[in-house]
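Mind looking over this structure? Questions follow.
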Amino acid sequence: MKAITQIKEFKEGSDIRGFFLCVEKHLRNTRSGDLYLDLVLRDRTGQITAKLWNDINELQDKFTVGDAVVVAGQVDVYLDKLQLNIKKINVASVQSYGRYGYDPGLIVPSAKSDAKQMWKEVTLYIKKIKNNFLRTLVTSIYRKYETQILTHPASVVMHHNYRSGLLEHNLSMAKIGLPLAEHYKVDMDLLMTGVFLHDIGKVKEITSELEASYSDEGNLIGHIVLGRDIAVEAAKKIKDFPPDLLKKVEHLILSHQGQYDWQSPKKPKFREALLLHLIDNLDAKMNLMEKAVEEDVEEGKWTSRRNYFRIPILKDNLENEDNGSK
Amino acid sequence: MKAITQIKEFKEGSDIRGFFLCVEKHLRNTRSGDLYLDLVLRDRTGQITAKLWNDINELQDKFTVGDAVVVAGQVDVYLDKLQLNIKKINVASVQSYGRYGYDPGLIVPSAKSDAKQMWKEVTLYIKKIKNNFLRTLVTSIYRKYETQILTHPASVVMHHNYRSGLLEHNLSMAKIGLPLAEHYKVDMDLLMTGVFLHDIGKVKEITSELEASYSDEGNLIGHIVLGRDIAVEAAKKIKDFPPDLLKKVEHLILSHQGQYDWQSPKKPKFREALLLHLIDNLDAKMNLMEKAVEEDVEEGKWTSRRNYFRIPILKDNLENEDNGSK
Amino acid sequence: MKAITQIKEFKEGSDIRGFFLCVEKHLRNTRSGDLYLDLVLRDRTGQITAKLWNDINELQDKFTVGDAVVVAGQVDVYLDKLQLNIKKINVASVQSYGRYGYDPGLIVPSAKSDAKQMWKEVTLYIKKIKNNFLRTLVTSIYRKYETQILTHPASVVMHHNYRSGLLEHNLSMAKIGLPLAEHYKVDMDLLMTGVFLHDIGKVKEITSELEASYSDEGNLIGHIVLGRDIAVEAAKKIKDFPPDLLKKVEHLILSHQGQYDWQSPKKPKFREALLLHLIDNLDAKMNLMEKAVEEDVEEGKWTSRRNYFRIPILKDNLENEDNGSK
Amino acid sequence: MKAITQIKEFKEGSDIRGFFLCVEKHLRNTRSGDLYLDLVLRDRTGQITAKLWNDINELQDKFTVGDAVVVAGQVDVYLDKLQLNIKKINVASVQSYGRYGYDPGLIVPSAKSDAKQMWKEVTLYIKKIKNNFLRTLVTSIYRKYETQILTHPASVVMHHNYRSGLLEHNLSMAKIGLPLAEHYKVDMDLLMTGVFLHDIGKVKEITSELEASYSDEGNLIGHIVLGRDIAVEAAKKIKDFPPDLLKKVEHLILSHQGQYDWQSPKKPKFREALLLHLIDNLDAKMNLMEKAVEEDVEEGKWTSRRNYFRIPILKDNLENEDNGSK
Amino acid sequence: MKAITQIKEFKEGSDIRGFFLCVEKHLRNTRSGDLYLDLVLRDRTGQITAKLWNDINELQDKFTVGDAVVVAGQVDVYLDKLQLNIKKINVASVQSYGRYGYDPGLIVPSAKSDAKQMWKEVTLYIKKIKNNFLRTLVTSIYRKYETQILTHPASVVMHHNYRSGLLEHNLSMAKIGLPLAEHYKVDMDLLMTGVFLHDIGKVKEITSELEASYSDEGNLIGHIVLGRDIAVEAAKKIKDFPPDLLKKVEHLILSHQGQYDWQSPKKPKFREALLLHLIDNLDAKMNLMEKAVEEDVEEGKWTSRRNYFRIPILKDNLENEDNGSK
Amino acid sequence: MKAITQIKEFKEGSDIRGFFLCVEKHLRNTRSGDLYLDLVLRDRTGQITAKLWNDINELQDKFTVGDAVVVAGQVDVYLDKLQLNIKKINVASVQSYGRYGYDPGLIVPSAKSDAKQMWKEVTLYIKKIKNNFLRTLVTSIYRKYETQILTHPASVVMHHNYRSGLLEHNLSMAKIGLPLAEHYKVDMDLLMTGVFLHDIGKVKEITSELEASYSDEGNLIGHIVLGRDIAVEAAKKIKDFPPDLLKKVEHLILSHQGQYDWQSPKKPKFREALLLHLIDNLDAKMNLMEKAVEEDVEEGKWTSRRNYFRIPILKDNLENEDNGSK
């Protein structure tokens, strides 16, 4: 099979083969009345208009918007822009096309670290929870939702909004949560339980097949309340789970956004809850500034103002500094 | 037994007997080293300092702050203010002192209408819900929490914050909800379910023995989420309760405050939810203006600015108007 | 005469005849130096660029931006988009073209109910005002401004912003105002007067020939103050109109937006004024959610966030629910 | 007659005579059942409790709250504070007691400059308006409301809230308005008309017999709209007053607060209106800072934070500076 | 040399010569693989796409984005729009092309008054400062930064954002500061020092070669703090500059924006600081309204809402008014 | 010498000796005309009124408001409250009365850890800064301001507002800054420099002899700008300090409050600055919740709402939980 070509490498006249996310799909008529498919395809390097003129009947139901597709075709120019004339198209999955090079990471952004490696690290952190009730609670929930936790983003448009972003965010918070809990002498087990469960409702709120979007439950109920449900239901299955301890876990989840404006129905009312919120906020903001720099397309040392912070961010060092190291 | 005297009728030197709410209770030493109880008592007409000098050992554990008490004593003047010297004191309840005239309405403010009469009316409205699932849901919940619904306030410091205020608020909303649902052609059953269940979490959030305050659950989880719990648990016991219908009921409860600032984790996302929020807001505001006028102590036509609205409210007609009626 | 073709039915090459709103009109030179008219036309189904190449001198002054026009022409394609080559064009009015099918409702959105029918209903509600002064006040004003009330929108870009929207809004508020006034035991006559007069200033604020926009008076003084003027002037002509009653009517109009941010110079200071504001707000919000759903172009159950509420709205039922009706 | 004693000069045991504002008046019973009057009196130097024990029947209706009173009595001490035992009391006015030294300025704060002198200056500024319509408009209004303009405060609790404060504020704005209008090349006549009329509604909004408070009209309609009424009515009596010029004057008054939050139903929409608002704001803020310093009671160079600005204000020079003048 | 043609005068087919600002510059390949330059040029009258096909190697490094360029070329039409085919291009400066008609005012907007004339006026105002320390302070700073003060804008996107805007703003403030300082009896020297130095940090914050943008210092430290630095450093060089006087000058600069939201780390704490802030605000707002009218492109009497004030502004007189002048 | 008695241990009739902060001091006349001193004294356990009747001439100038005083006297009761009759009084300092038990910690709140011990730890952290320029910068500043850093609070009324609070806050931030800098891969030296210098301006902003208050510099310039001054001046004395590195240090200090509302003239614009702000905020919030619990005087599990967070905080565990530890 031919090599994979990414969108930014497309040239007029070249034949290409590649994997893309189908982001628009319209069945239209040519002026002569024939049917054709008018598509928009995207991969991690760019986006392009594509047309499918032939075999419409056969091919049009093979895929839909939101699918990963494998495509062969030829690049030409229309109204001064590149477009792709598709010859063959099919839905792509790791099962069917993995051996031909398909990887979701080609078409949607992903966390930088490997999801399985991160999962292992998270598992070690969970084992450090000494309180049996809490450790069992977190363990049972992570076992149940392992598949989703491995791939879900932490949000749709904000921080860690990429494949495995939720896992990355939780792991990052665990790493900093440990020394902070110790420093502020809060209940470490409670804090770590909060770290691992605060966003667990995202696995129900966000439908995450390549393009993240909100589920009905997500729209109507939201991840904060859905996450608390997951905790309450799992606790019910653990014999003698102390009710007051459960109330604290519920509060950790409900208050983790820290303020009403961010859809938390409660503000943090004890130290572990406050620290959880502060760590969550800190990890999210650090991620957002990293993203602001990475996604910026301006020339020069400063990003544009079009980012979460609405200010220019310094992209690199002002100069090569003499750091005067010993 | 002697007639009941209310605080505003106290006169220097008179012997009184009455029922009061104990709002403060301190065990102190006289300068000569003897123990005495320093109390603050309140009824619907006022508040007074009271002292108990004798039989401390015997009497001091008979009651605590927040209790209704039956008291006999004598009024005198200390530092230019009336105070009560207590001779006898005991905790009061409807069971033990009802026949001697005790009624919680003597010592805490209550809804103007009779709670049992309001309950009957509410029952009739619930019967109008045609959808079997929803009617059964509301009925089973009202049956379970009947005792609390009969006496709970609708809030601690805001609207309908008096005995049976929750019931009064729900009934008021039902009465206006019916014509509004019809006018706007929304699903009447869904709206009425929202009316009866939107504040049901208050029965867990507010501890309401005479002095309303927040329970641990209320502080940590809040009435919005607790109310949804009540609905979800009741629905589980109803065979074949449609899951999508339940999601809507959950959303009705979660979004009824209408905005994040007021601790709703979701804003209304369909017409019944929006109308529920608007009716709730309308009924609360009308109640708050009524309270602002009733509680004002200024002379003249206008209240002071010390009310929910932070503006002077017109207390009565500007003049006796010639209304020119036919 | 040929049948009317609406813009969404235009096809390349077809000859059409139709009624449109002229939304842009520019006199330009072709590269060869000849004059032509470059227009944008709109009807309820869409918008199109149009060119008029001939008889410029004769035709260019026959109509202006904001006019309804009757057009005959041919559809062709330019730079990959449809455009209309106009052969004949003239200004259209119900008087001259009504019999050929012209109706303002073809080119601008209108209330769903018939304006004359709504007017009749409003008249009946006005008759229910028992206070002679108030009934005479409302009647005289509605008589004077009948023409405008029949066609004006209730706003330029917000709720009920379509032909006869003001009338629809007033009628809707009257229908719900009646039971609400009764329930809250407020002065029904005063409330209904407020309902019918609160937005009456819109007839001076908004110039409403097809495209609603603000008059000089609207820009400089605003409908709230203009509406009060209308009430004050009408009251002057009513013998012995009680001055304090008039002050209340003035306050109803001035405070109906309910908060300073929404350009009310006063907040509601008595119960009828508060209820008027709450009903106005309720009716506007219900209309805005209805519009948000109707105007949404997204596929799926949820609207986009591009609406008044800035959240996705549920467009239809989640599923065909088993409603378990008896 | 004896010399006048001001409250801050009161000493235990001394006999005094003076003029005061009666700010509280309660008819009460002594413990032995006799009637007495319990009063609070105030003058520019302080406030004191006063008791009237004798001749109640005769004296109690001679004055009411808000009246200026002439009092003779003796100072004693009760519960460690000074109080005044009244022997004689009567209502005081300039007519009846002016020759004995009564002056409203003794009991309520007043502008520093003499009202009549300020009135003369204002008159000269009005004469500088060249446009006949506008000059006649302002002149006729000032003639009609001369009495009130001479004594009204510019606000109840904010800037220039003292006797003749409105006049002082208008004069101050006129003085700076002249050079500013010239500098920014705006229509001087329009601006000066705005200066003199922007707050004219205060003469109806504020009832100003010694203690400023809001009239019914003030509460229900407000000075902004009432002021525009005054302008519109006066313009009607001026032959051929140009309607567009009147609309501008109306807008000047309606928009002078500059933002909706401050109860202006319109924001300034032309340069004269914007400049009027900016001058009004500037003059008010300068007055508020002056007041903050004058009214502060802290020791040291800095005021407390309890002022309009919510920050400490520097009261005097940091040190005696060497200014290095030539 | 040929006459200069401005962009709005370009016609298809004509040969032109002119001065422009290069706002975009991309080196691209034609489909046949040859290099060409794809540019966007701008002058005060418009903007156009330009192509340079020949002598790329020689010409491409002669200029960069942000440069003023002198261009000769021919206008043609591509995809229905005018574009310029460049024959010759070079960087332009007053030194090299001034005698051929180059003036920065041709390509970027400038203050209406002549910079040198304004400088002279400013100098006279500075001389009016009587306090030797303050006059020397301002004089030394203006001498040092004369070049920048002559050309800097007062902001990048807000008020006076054009060539010499800073100087224009300072002069305007000085003109109104004089009568205002006198009227409010504040320390005139201190106020005028504030007028001349409040924005002096802009000379370091804004890099202003034709296209204004922020320097690294501007981004990291900001003009408020940079301006104070300039004052502090200059004062150090003045013998015996009184430290408390310097603190006041520092506060004038730090607090001139008047509120934290506008990046002032302090609010005005004495009368001169408050007045400086109010004058600065007044002059900026008047300038912004003037700009809003000048930059508006709507037909009719009213601007669009797309301006600083977010409301329509009245562009001219409502009508030709009869002003009734004597 | 007699034992020290703290205010909460005072009893009627007892003779006491102790150290107190003099918080009010007024010279008054008795009714018989003799002079006496009316004082308010405070220590860490409470506050009391005190009178000094004798030897006024000799004693009145020995101390002033804000001084620590050593007092001998007798407790009696006046108007039902305890007060202290002073026999001897003198100003107290560690030098003169340390050996008799005086310690500032008796009369003002202090950090829990010993200041000298914290200083040692801070010194070790400073040594970990590898960059010579930065380490030298921090070291020289801490050497210069050692005395103030040892005793200053971190704020007047907010977090760490007690003796040595600034040192405690800096040390706490250093401890958590180290692992966080490592985790987020930011420049550790830059972050730690920010940690140690971000609040250094407090040593000039706050005058801190027992009662913290603002200096003139603090009021006019503020700790953020004053702190940057300290850094800039110290850097000037370090040979070849890289200018771009200094700009970053300046930005760290200027932006550490994170938002304009909190008086930072810049928001954080690179990762170290953002992390510094987040750590500062986190440490302050954790301290504020600890204080809210410690300072609460309510009975029961929950604090009142009168704290920084405006919500009830859970003071202790809900119950003794079975934590199910292994």
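In order of appearance the chains are A, B, C, D, E and F, and numbering begins at 1 in each one.
By our rule, a residue touches a chain if its C-beta (ideal position, glycine included) is under 8 Å from a C-beta of that chain, and two chains touch if they have at least 3 such contacts.
Owing to the predicted nature of the structure, the values given are computational and were not obtained by experimental measurement.
When chain A is fitted to chain D on its Cα atoms, the angle of the rotation, on a 0 to 180 scale and to the nearest 5, is 180 degrees. Although chain A and chain F share one sequence, what matters here is the overlap of their interface residues, and that overlap exceeds half of the numbers used.
For chain F, the chain whose average C-alpha position is most distant is C. Comparing C-E with the candidates B-D, A-F or A-B, the pair whose contacts agree for more than half of the residue-numbered pairs is B-D. Measuring from the averaged C-alpha position of chain C to that of chain F gives a distance of 63 Å.
For the pair chain A and chain C, the distance between mean C-alpha positions equals 44 Å.
The multi-chain contact residues of chain E, meaning those touching 2 or more other chains, are 79, 216, 219-220, 244, 247-248, 269, 312, 314, 318. In this structure, the chains touch in the following pairs: A-B, A-C, A-E, A-F, B-C, B-D, B-F, C-D, C-E, D-E, D-F, E-F. For chain E in complex with chain A, the touching residues are 31, 79, 214, 216, 219-220. Taken in their complex, chain A has these residues touching chain E: 12, 77, 79-80, 301-302, 312, 314, 318. Within the complex, the chain E residues that touch chain F are 216-217, 219-222, 224-225, 228, 244, 247-248, 250-251, 254, 260-266, 269.
Only residues 130-133, 172, 175-176, 179-180, 183-184, 189, 240, 242, 244-245, 247-248, 267, 269-271, 274-275, 278-279, 281-282, 285-286, 289-290, 309, 311-314, 317-319, 321-326 of chain A touch chain F when the two sit together in their complex.
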